[in-house]
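Labels for the chains are A, B and C, by order of writing; each one numbers its residues from 1.
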Amino acid sequence: MQLSTHDLACQRGDRRLFSGLEVCVRAGQLLLVQGGNGRGKTSFLRLLSGLGEPEAGEVRWNGVSIASAGEDYQQAMAYLAHANGVKDDLTPVENVQVQAGLRGQRVSCAEIEPVLVRMGLAACLDLPARVLSFGQRRRVALASLLLSGAALWILDEPLTGLDVRGVAEVEGLLREHVQGGGMVVMTTHQSLQLQGVEIVPLQIGPVMLGQMSLPTDVAERG
Amino acid sequence: MNLYHYAAPAAFYGLAGRLIPWFAWGAALFAAAGLYISFFVAPTDFQQGEAYRIIFIHVPAAWMSMFIYMVMAFWCAIGLAFNTRLSFLMARALAPTGALFCFLALWTGALWGKPMWGAWWVWDARLTSELILLFLYVGIMALWAAIDDPKRGDRAGALLILVGAINVPIIYFSVKWWNTLHQGSSINLMQAPSMAATMLIGMLVMAIAAWLYTIAVALVRARGLVLARERHTEWVQKIIKEA
Amino acid sequence: MWRFLMTVIRRDLLLAARRKGDWLTAQFFFIMVVSMFPLGIGADPEQLRRVAGGVLWVAALLASLLSLARLYADDHRDGSLEQMLLSPQPTVLLALGKAIAHWLIFGLPLLLIAPLLGMQFALPLEAILVLVASLAIGTPVLSLLGGIGAALTLGLRGGGTLLTLLILPLYVPALIFGAGAVDGVLAGMGAEAQLSLLGAFMGMSLLIAPWVTAAALRVSVD
């Protein structure tokens, strides 16, 4: 299982955000995408998810371009964007159920509720998401992510809106997922406590200068 | 000559620059000849008098308005299939001219309708279809105007044009059907009795002039669009410095 | 595949059920526009009968545009559209499911309201039946073609107005055949021809529109 980019370039309007990006993540690794605001972190994640179309180059899943891998890739990948994708008029349980249905999966309430409880939403299972706080909605989205069973998580700022306990829980989830043989690609502005997790850092920006810990896995060009 | 070579923006820019004068002069010559034929050579129609001469503008304009739409659809299909950016630019460059010809066809239709039908506007099948075609052009240009991102604009416009192209024949058919149900028979511009050969020649010459004009204007516009899109590249910077 | 389609439809119906005000707007708009005409052109039953087909159909077109503006906009705003696009299931099914849901929410109630309005316009029973039949065949066209416009104008300033400009010309055949069917039966010429043409147009929209909508969604989200 591996996700790699080849000569990837991204352009937003007139600006070339990055080009010639080559990076590779394997099972049991966490790719931590870093860079200041407006450097193209979100654009990079969207390219990885397949929502965006690269200006040049391609993203490959197990050596096959994600455009051709199609369903296989989408089955194995879950993407948590800035927006939570949580419908205001549905309860957390319904939200998670709909999300699973959209992935073509069927999950029962009995499976969903423990996950929501684990995410600290025990008190609001029957409330419409409208009345939840931003952080609580983020937790609903994270519960969907957990239940998706995807091997690759692409997370855009998963910690925004979460309280201290929430951050710790997410750290726990990440550790569990990666150590269980999963893969994570994520961005964050907060510092993470992830002992025992193999982290691949990637500095993103017009000129790719980075501090690479795994030279064999991560090649980069400016 | 390698066609792919001219699909590169810089090469296209140069080629278009060299071609434009030829098409422009060609258009002027044919228009002069066409107007001469239509005003001095073509005989006066015994039924419609001199007023019929407007068809030398009206008919080529109507032809062009439909034809340009189809050409745009062709470029959009190419662009979507092969991801060639220049194709989308051609579609963008053609649209205003298509809308212009649509408007001309409607205007001249109204001018012709006044003496023939006694009204500036009659819901004749041809004029109605032309009006709806104008609406399609307006919609496409409005969509382009509303989308800031050039890539999204190109593709969104292309999809709309293609849907329109599939729909246009159906619209024509339905309008014709509607017209026969509601109006019965009406005098039709194209069914002028005993159309003299000179009339036909006049119309064809005018159509060629309109063609050449369209190409010239579209190339000018496409050149502008290429410059705007490629404004950060070296070759455009060089042109700017030289100018 | 089937489950995905059903999830999309059920989800939209559930959301509509939670927000009744939203979709009732379009129905009342339909009723009001139709009711304005007698006030504008006079209450002569003969005259009303003559314009009934056209008025009801034009009102249906406008009402559909009113509701279509939000078909994808809400999902786009809260991020759930991205999640749906990332589903392993084909986007065409998403577009089809959304169109079906829109028709169930918008088109179906119209069929129930139309006979009442037909009576207000002094239509004979036979013509009312044809009117309902024409709406039954024709309103799916509005949902299908309108979906293209909704997808193309996603997230644009003034999207609703723009949608009207793009889509109304494409509706022309539906309007002509639909209103023509009512006129045909009033003129004693029967409506079979118009209804079959309308049916053919609907079939074509069904074949083409979901593909174009899917492509448009991808373009708009990129």
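Criterion: contacts are C-beta pairs under 8 Å (C-beta built on N, C-alpha and C of every residue); 3 or more make two chains touch, one makes a residue touch a chain.
For clarity, every value in this text was computed on a predicted model and none was experimentally measured.
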Message = Relative to chain A, which chain's C-alpha centre is the most remote?
response = B
Query = What chain lies closest to the overall centre, CA atoms only?
reply = C
Ask   = In whole angstrom, how far does the Cα centroid of chain B sit from the Cα centroid of chain C?
value = 32
Query = Can you give the whole-Å distance between the Cα centres of chain A and chain C?
reply = 38
Separation of mean Cα positions, chain B and chain A [Å, integer] = 49
Task = Give me the residues of chain A that touch two or more other chains.
result = none
Task = Could you check chain C for residues that touch two or more other chains and list them?
result = 222
Query = Which part of chain C faces chain B closely enough to touch in the complex?
reply = 145, 148, 152-153, 156-159, 162, 165-170, 172-173, 176-177, 180, 183-184, 197, 201, 204, 208, 212, 215-216, 219-220, 222
Query = If you look only at chain A, which of its residues touch chain C in the complex?
reply = 49-53, 71, 74-75, 77, 79, 81-90, 94, 98-99, 101-104, 106, 128
Task = State the interface residues of chain C toward chain A in the complex, per the touch definition above.
result = 1, 3-4, 6-8, 10-11, 14-15, 18-19, 77-80, 82-89, 221-222
Message = Help me check something: in the complex, which residues belonging to chain B touch chain C?
response = 132, 135-136, 138-140, 142-143, 146-147, 151-152, 155-156, 159-160, 162-164, 166-167, 170-171, 173-175, 177-178, 181
